[in-house]
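Naming follows writing order (A, B, C and D), and every chain is counted from residue 1.
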Amino acid sequence: MTIELSRRGFCIGTALIGLQTVSSSAFARSEDGTVKLGLVAPMSGPNARYGAFSLRGAQMAAKEINGAGGIGGRKINILAGDSQGTPVEGVSATRRLIDQDQVDFIIGDVSSSVTLAMQPVAEDAGVLLLNAASSNPKITYKAGVGGFKWTYRNYPTDENRALIVLQYAAEKKGFTKYAVLSVDSDYGRAAIEFTKKYLPRFKSQILTEDYYKEGEVDFRSVLSKIRDSGAQAIIMYGNADSTPIVGRQMMEVGIAGKIPLIGNAEFNTEKTIKAAPKALEGAIEAAAWLPAYESEKSKAFVDKFTAEYREAPNNHAYVHWETTHLLAKAIEQAQSIDRDKVRAALSKIHYASAVGEVTFDDHNQARLPMILLEIENGKPAIKGAYSAEIDYPK
Amino acid sequence: MFYTIIEQVVNGIVSGSVYAIVAVGMTMIFGVLRAINFAHGEYYMLGTFGAWFAIEYFDLPYPVAIVIGVVATAVIAVVVGNFVMQRIVGAPAEAGVLATLGVALILQNTVILVFGGSYKFFSGGYIEPVTLFGFTLAEQRILIIIVGLIVFVGLELMVTYSRMGKAMRAVSQNIECCAVVGIDVRNIALWTFILGAGLAALSGVLTAPVNVSVYGGMGELITFKTLPIIIMGGLGNVRGTFVAAMILGIAESLVATYVGLQFRDTVGFATLMLVLMWRPHGLFSAQARF
Amino acid sequence: MNGLPILDISGLCKSYGAVRAVDGVDLHVDRGEICGLIGPNGSGKSTFFDCVTGLARPSAGAVKLDGQDITGWSLNDIAREGRMLRSFQKTVVFSALDIEENLVIAGQMFTFPGILSTFGIGAAARNRVAALRERARELIKIAGLWDVRFQPAGKLSGGQQKLIQFASMLMPEPKLILLDEPMAGINPKLIERVVDSIRLANTSFGVSFLIIEHNIDVVTSLCKRVVVLDQGRKLAEGTPDEIVQNQAVREAYLGG
Amino acid sequence: MTEIVRDQTMAPAELPVAETGRDFRVPFGLVLVALACVAPLFLGNYPLHAIIIALIFLLPAHGLNLLLGYTGLLSLAQAAFFGIGAYTSALLAVHFGTPFYLNFLAAGVVTGAVALPLGIPALRLRATSFVMCTLGFVIIGQAIAKNWISLTRGDMGLAAIPKPYFALGPASFTVSGTVGFYYLVLAIAALATLAVYLIVRSPAGRNMIAIRENETLAESVGIPTWYYKLVVFMISAAFAGFGGSLYAHYLTVVSPLTFQMYYSTTMLIIVLGGGAGTISGVIFGSLLFVGLTEALRVAPELRMIAYGFFLLGLVFWFPSGFAPLIGRFWSFLEKRK
């Protein structure tokens, strides 16, 4: 016997004593003819800059769509929620968007741990949660046929990325011995976990394994250790901001140009390369997107974003811009803002993104290509777009 | 093997010097104010930002930027000292914790508000590697060690010979007596605070070239590194703080090499707890003063 | 048993590094006696007190309370037994609490075995609290503090706080009380009252006293026997009259 | 919230109130309790969610209040125990599917037990060293949560923690939805408040206050201060563990980020903001804190700065918290009458 104590049950009880509550979810949503889109991102706190980029990307997309007459006449209205990069605040922001602002759809968050906490909230409310920037594979392990019907992700996972990088390094470069130096977060840890999963396939091994805290400034000790370990490359999944520091100190301990960095930590930006050109030469990176990517749509986005905000877009700006367009397309195909219909449309969508066609698998995970590039002569050289099918755990 | 250990010890001394310059100011502030200053790392950040601003916007040479960074921080310290730090003299510990946390939030987030949260690129300094006794070090790091030694000797001389230094020592020994003897405790507190903040700023400007990045949240990390150092060194004890900073620098370096970088930030507090279990009064104090 | 002194101290020493603050002092307090302890400033009286009551650990010597060796017991160990209590030179009370609470706290711990009763659960615990409140009220009346009994102790005058402290020490019905300068810093008008209270406690409750005091009139009126300490050693012992006449004592005071 | 209706002579900040306004506190407290019970009738899901967060934080804050407000020990370890409680509950629920009350009790018992070996060395330290040592617990706790991957899954965290369900024999009962959770948390918070009230007004509570007021004097009247501090440290840890358990079940994820000094300072702000050493103050503090967080949502970029100024204001203008303001309000009502 299972009793569900639900809002409805409670209302029936209270109705008996003559008190009538107005259930907030009874309101019809978006009766004013707009599409209310919630965006959850870290607007304050240590990751505030990611949130700022995300919001700008999404706002630019909304502006473009509204400028072109909206979706079937409906304008997109973006409502931002601040997650501060923590699960508690992420859940609070999500609830606020759903309950107070009555949004129809939510895009968010950047951090995987926040997205994981948002999933059940969106599921309970039956609001579509479209993630654009979290890479933890678990998010879509549990989505679609995995459980959460309302979660979709338009972003490649750590597992994808780890496999592609390892494959390229082993097959094209012939590396077999690696040192790990990744950021100590769900992102850096998960990427290495999945790298380890595929190591035997390429007969490779990890010699040393270290994780740095975000904001770490002293890598000399660990780089000296890597120098003496005999590793052929350093696998690094990290945040963009630590890369110049690592590069500088690689030069200092004398491994610049000898042991390349591989993985993903914005090796390709001009700023990073300028900080330590010698250390970044030969670095290999797998990115969901990068400003230098050669496609018409991508170039147009970079130009427009730069003109609009006088700052070059980063990855977060791009994925939120693209995901907002993706959602608009799904709504258009559903010819309705009915959430069930949009969800169905999303599952069947064939969307032409700036990096290639996007479709969703039965776990609501987008099949996305990853761009592989190598730094040659101080410039990123694109080596192609790769994609990999995910083995979902049974 | 042996070479590796020696090299890591050298690495440890370099980072220890950075910690020492910051921690020595913090411990003096504690001695006089009896407050754990959770905002101390923010002055390190402010100094770095001041220098970065001077280089980026006015194209000034690095040595001038050092001066600007330190002076700008000292000016801010005068304001904070007057409005906050002087008022927590004699307040309960939790008041000090909350007030300094408040100051840390205000300073850090104002900088983020003004300059944005992204990492800035610090382009000054002397970063060419030189080889010394077989170790490759950036010139800047040698400078840091030298400045660290100068600061230590200078402070020792100051507290021993100068009027202000003697008064600082007196206040940190017995605050009630000083008030009776006619030492202006609030004034001493203010000057100690400005000196401590200035030293933190100096440390920030000196390390900026090797750390490359400048960002609003950088102070917090330094605060958390210095807290265990000042406790281990015996609160208010300049010499002890220096030794503790070196011990921590070397221990961190060895842990990063032989255990893993991910454990590095726990070294400080883990060492502190072990030390306190063994000697509840810190390493360099005969009896518990605080 | 009754012939035995309540407090018997032999050869007590306390050194800090090379300094010998207390140097081989023998002292005893008989049952029902009020014994005075005097000496110039820095003569080691307070250190001696601290060593006897466990606030400091003696370097050598033995302290016997009621025939039981309590050398090296901590202040808390001794206090928890409730036989010997001490006051502090600087008057201290639990300033945020009212007088009754102060007294109840001072009296409650001795008969609260078990965790549940510590949290006041059970009839026995409730009865005990009621009994303590009863006793506290009686003592408050005796001390003449009835009118101010609901005020926080910290708000009262120094003399009143002294009385609270004194009444608190009577709560657990101790056999011996050590007072450290009970008259220091109180209104001369109140001195008489404190002296009366001590005498009352001595006669009605049978409490013995060892009192450090500078006010020689108080010592003379209260004590039958006085011990003089100087530079950590026992200089003299005798009736107040003998002590006042003693040449060595006079020199010590003038010299000190 | 039943405790405010009775007398609280133990609470220093409320002494004048206790004498003058007691008559008003009974009906006022009853009204508050009644309001809390019917809140879901007129509050939407979001305000309820905010109150749930406030009530979850209330538990560790009660614990800290026992430690800081009543025993006079400043500890920053609440986040560590909050995290241990959250992980204990989450691991049990995820791996063994145990019913909620077991997870909840286990969280409290485990954190209380962990506090014992930590408290024994830490409580020997003097004030500042003790504060730093407790801060160390948080930092080392986070390192363990990050690196003991086989148990905690490290930074990936534990997700999909099941909703609280109660099982007794064949019957089971799952708490789902905001309203259901609200009543669960409200009931637990009320019980916790009652427990704190009973502790505080017991002989043990009186001894705790004695230790806060003057430790040496407390020792000299025979209170076993060390033992008391240790037990209170464990009780306060257990409260934090209970809060962590609710946190895990409500948010359904735990990650090493639960071990953050941020949470320790949050508890500190709740206790000091409301008024240390009073129970109603802490309840007020937790609502105030969540209210402040919500109010500052208006301007995310200025939020932390405003927060900083709030802290300074609290320290310099309201050193005994904002609860005395309520006291003044009561006496104001009294005068009107």
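Keep in mind that, in the parts below, contacts are C-beta pairs under 8 Å (C-beta built on N, C-alpha and C of every residue); 3 or more make two chains touch, one makes a residue touch a chain.
Since the model is a prediction, treat every value here as computed from it, not as a measurement.
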What is the chain whose Cα centre is as far as it gets from that of subunit B? C
Euclidean distance of C-alpha centroids - subunit B vs subunit C, Å: 48
In whole angstrom, the CA-centroid distance of subunit B from subunit D equals 33
Chain-centre distance (mean CA atoms) for subunit A and subunit D, in whole Å, is 35
Distance between the centres, which are taken as Cα means, of subunit C and subunit A, whole angstrom: 72
Give the residues of subunit A that touch two or more other chains, as numbers and ranges in rising order. 48, 184
Show the residues in subunit C shared as contacts by 2 or more other chains, in ascending order. none
Of all residues in subunit B, the ones touching two or more other chains: 262, 265
Chain-chain contacts, ordered by label, are A-B, A-D, B-D, C-D
Would you tell me which residues of subunit B are touching subunit D in their complex? 30, 36, 84, 87-88, 91, 93-95, 97-99, 101-106, 108-110, 113, 224, 227-228, 231, 235, 262-263, 265-266, 269-270, 272-273, 276-277, 280-282, 288-290
The residues of subunit D that touch subunit C in their complex are 9-10, 12, 15, 19, 198-199, 201-204, 206-207, 209-210, 213-214, 216-226
What does subunit A use to touch subunit B in their complex? 46, 48-49, 52, 181, 184, 209-213, 215-222, 224-225, 228, 240-242, 244-245, 248-249, 251-254, 271, 274-275
In the complex of these two chains, what residues of subunit C are touching subunit D? 53, 55, 74-76, 79-82, 85-86, 88, 92-98, 101, 104-106, 108-110, 112, 117-121, 125, 129, 150, 152, 168, 172
Per the touch rule, the subunit A residues reaching subunit D in their complex are 1-7, 10, 14, 19, 21, 24-25, 43-45, 48, 82, 86-88, 91-92, 95-96, 98-100, 112-113, 116-117, 119-120, 124, 136, 138, 142, 147, 184-190, 193
